[in-house]
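Next up: the structures, one after another.
What follows is a pair of complexes built around chain A, which joins chain B in one and chain C in the other.
Right, the complex of A and B next:
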């Protein structure tokens, strides 16, 4: 009996240790003005490394297996590929001019890059390191999203105020949908049934039915004591459980917590100045927001919906991405 | 020894009864900080700018910042009201009755102080409960951790009230206490603005605020609300409490009064 109990406790401890271990990781933050990346330990909330990278780093993402980091070095006109363990830049990928945001296709092979100055979306094969297509889109493309099944990639164009639906088989636009002024960011829901697009000047998020590309909902934001002009939705992230969408409201210095089922804002959370983008940790218990003007990252407890810590990073932090460290 | 605790119980019980029967006092003790929280703080949402100072780990709204200051305000007013009641007791003659007790004078004054502090703590928790209804809440540990901080700050502010009551001979003079003690203590403290904000306005004002024992009491409460102990603030408050208590004992010394009469 005692032996069984001991075995059970050991198994439980091992499971707990493994679970904890698999969630320990780092948040990589691109600092637009410093040309650096700040690496934050997601347990101690300390900046453990600061890496020199190309000029004006913005969009940042990991490969599916977290073995490399892709980084848009906008003013260097390239996408840099970094070894996350050593922090060394391995090589540059051709990206077209002024790459701002990108999305890695679920196949882990194709990178779709928004070239803000050229009004095109560049498709790069990350294995052959070659441009395989350039797609004409609206003026000032920015937000990029890929559907979970990999069928569609979305580019939003800031000045044309559209979401362009790109068929990834033909690399051609199959539909254009109007959104509110200056669309900044796009995301598909995990089941691939909805596309969400934020509009910075419009102050809204539009929700589209993926099946027929029709608008099914529009989300507005209102914060007591803050002028509506300052409420500018930019980056946002969805929880995997389908419960919440966290929306960065730019100069309103708040994150809106939107109920994904009802499209209602449940809460506004105070963070630093000019919040841009964000990234979850491994188990989505914490959310890290990049606060551009205040030069810091605010950590939000997702279960309690409360900001718990703010960490100083470089100047004008922009993008964020998470990787496990074990 | 038992008699001393009987006296302590009697005095605290009397303070409790007085508090229960003076419902207006409880109501005003609750409304005063709430008016500051709901009306005043609403207009100063952006007053703190963007600077994260301990014990805060992230950005906070002004409403969250002033909560410890308003807890201190409840205790400050309670301490002064307690001293006012002593002046009243002196005028009504019940003070003489109390002081004819065979108990040591310091014990009687300490008992009075304990009674006032307990009442002030009840008022603070009632205020925090209403603040929680308005969405400003703290961790469960924070609510427990402020109890010892409130005890020390309550005793210090109550002792200040005792010193003042020993110098005030008539109820009418209490207006002077409001003007020259409560208002300067409250406004020249960290209740409404942090020290760095005061330093922006005037370095002298910053030093006055920093050395104001009321500021230290507020900081003790502020840190405790976040489960942290501010040792410097604690020493300041205890030091001030000892000085005020010594002053109260001197003020209520019958030989001093007798000397004064001669």
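Right, the complex of A and C next:
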């Protein structure tokens, strides 16, 4: 019995080790004011490569199979496509002016790009490398999200203070929902039932019912000793198990851990200064946050809900994305 | 005809069912009036800079475009009716004409015009936005219940500078002011701020020379500043930017300059880029081929205030909009890093104040550590207990 148990435990340990191993990868961080990408090894926490890219790199995401990385080079007015193994820029995609953030549609073929200076969302076919649609949205579009079934793409506009619901079949807006001041980021829940939108200056997250686009809940944040005006929710990420949402609170220098079911904040984690965005590693055991002003990345242990390490990167790190390396 | 009506009724009913719980936005048209008295600036020594002719209205035009971009998703439509009159023209006649088309007026004009307008019986139910005058009296005993201020007061600017000086421990000042009324108003505000933040003003002198500074600054300024007692900071109140620029680097003692020159507390400047401000600066530049100034910003904030209130109330009911603007629910994202709102005791838009030199923002007030029980931004300017304004009490 005891031997069996021991065998079981070692089997379990082995599995864990294997799982961890199979998830080894890299976190790619775009440095807004250095025109570089810092590539971080997610096991050693070392910056292994620094790649030179276009001007003011911000939004960053991998293709579904991780074979290429897409990068918004905002001031170069282009989306760059990079080979993650060699770090070479393969080609540029047409993107419209000042691309800030984008979302790759679940079909892995259509990139929806927010053109911040032009109040437009540009839809690019990444295979034909052509713009297939441009959609008028509100002022300073930024947050982008795609519903898991691919039916909707959301653009949030910072000065218009709305989430625009784009029907991906017709590339037309079918609804506009108001949120609080300066919406920055949007995400659908994995089951596609809810849309979450953060409002930086409003200091809130609005949760919408996807079915009828009505507001279902509003989340507020409060940290002792920090003035409410400085608590500015920006980027956020949801765990796949549906348990938590990690919310970057900008100049409050904290990440809020929100219970996805109850909408309550369970914990605040201290990170670097002006935290923007974040990415999980492969098994979601670690979370990497970009801290704009302090120019570093904080590593958070997701199980313990504790920051464990700070990694120096370039000037004003902004976006983050993960890819497996084995 | 009958049939047509019935048909449109059915369409509307169908639309309502279709939209379900989604809020239905009403078709709303809002006209905003802009009134400016163009006053030619007094001659100054330097011929380098021109004050843009469209300073003010340029901000209104950008804000109008911003409002309409948002409005098109809500079936809200905005337009601006503007009157720009000369020094000798009849301000009140122009104001009355505008009041006939709108209850919302954005004003760039001297104090006395603004007060005459606010006191008109026709303006009783109007909401007027002062986008140009920084004088404290308008937020104090000369306030009006229908007059809001999107431009910060001299008190707010001076307090911002004082907070910065305290932080730097530059607590001994000397003050140079000009001869104009605005210079005096700014200088007085600087003195009051010094008192509030326990800064010592060691001496105050008025610049009265008429010499051509471009040639003589190197000779005139050292002499002028030679008899000042020792100090940490020279504060200059020179609202027309006449002599202040020649004080820099020409003083008897090597000291930093602040106020109208050097490190300046401002409403807005081309150097402001944080908090998404680059986007606002770019949009402005694209539209007007120049950088955005303080009065442009104040005028933009005024029309954006109206837009924000119409969006949130989904209404063109004037009293609803007015009470929303003055309520706790109102917030405006003004690219200054905090949400902006109006002080209920004097109608002033509370806002952070950037401390800038021409090429960078040095700091933004309220500075860290200057606390306030209500809102840190209320550490700048006239706070509730200090103001003699009672017009907002009703």
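Heads up, the rule we're going with is that the second predicted complex is superposed on the first by the 308 of 326 C-alpha atoms of A that agree within 3 Å, B and C clash if a C-alpha of one lies under 4 Å from a C-alpha of the other, contacts with A are read in each partner's own complex, and residues count from 1 in each chain.
Keep in mind that, in the parts below, contacts are C-beta pairs under 8 Å (C-beta built on N, C-alpha and C of every residue); 3 or more make two chains touch, one makes a residue touch a chain.
Remember, it's a predicted structure, so these values are computed and weren't measured experimentally.
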So, on chain A, is it clash or fit between chain B and chain C?
fit
Looking at chain A, does chain C or chain B touch more of its residues?
C
Partner chain(s) touched by A:270 [first = chain B, second = chain C, both, neither]:
first
Figure out whether A:308 sits in contact with chain B (first) or chain C (second), or with both, or with neither.
first
Of the two partner chains, chain B (first) and chain C (second), which one does A:225 touch, if any: first, second, both, or neither?
first
Could you look at A:174 and tell me whether it touches chain B, chain C, both or neither (first, second, both, neither)?
neither
Could you look at A:217 and tell me whether it touches chain B, chain C, both or neither (first, second, both, neither)?
neither
Is A:90 touching anything from chain B or chain C once the two structures are fitted on A? First, second, both or neither.
neither
Please give the nearest C-alpha separation between chain B and chain C in the three-chain superposition, to the whole Å.
10
Jot down the residues of chain A that show up as touching in both complexes, chain B in one and chain C in the other.
none
For chain A, which residues are in contact with chain B within the complex?
225, 253, 270-273, 294, 298-299, 307-310
So, in the complex, the side of chain A touching chain C is made of residues 116-117, 119, 136, 138-140, 157-162, 164, 173, 175-178, 180-182, 200-203, 212-214, 227, 229-230, 251
Touching residues on chain C, where the partner in the complex is chain A:
20-23, 66, 69-70, 72-74, 276, 279, 282-283, 286, 311-312, 331-333, 337-339, 375-377
If you look only at chain B, which of its residues touch chain A in the complex?
42, 45, 50, 52, 57-61
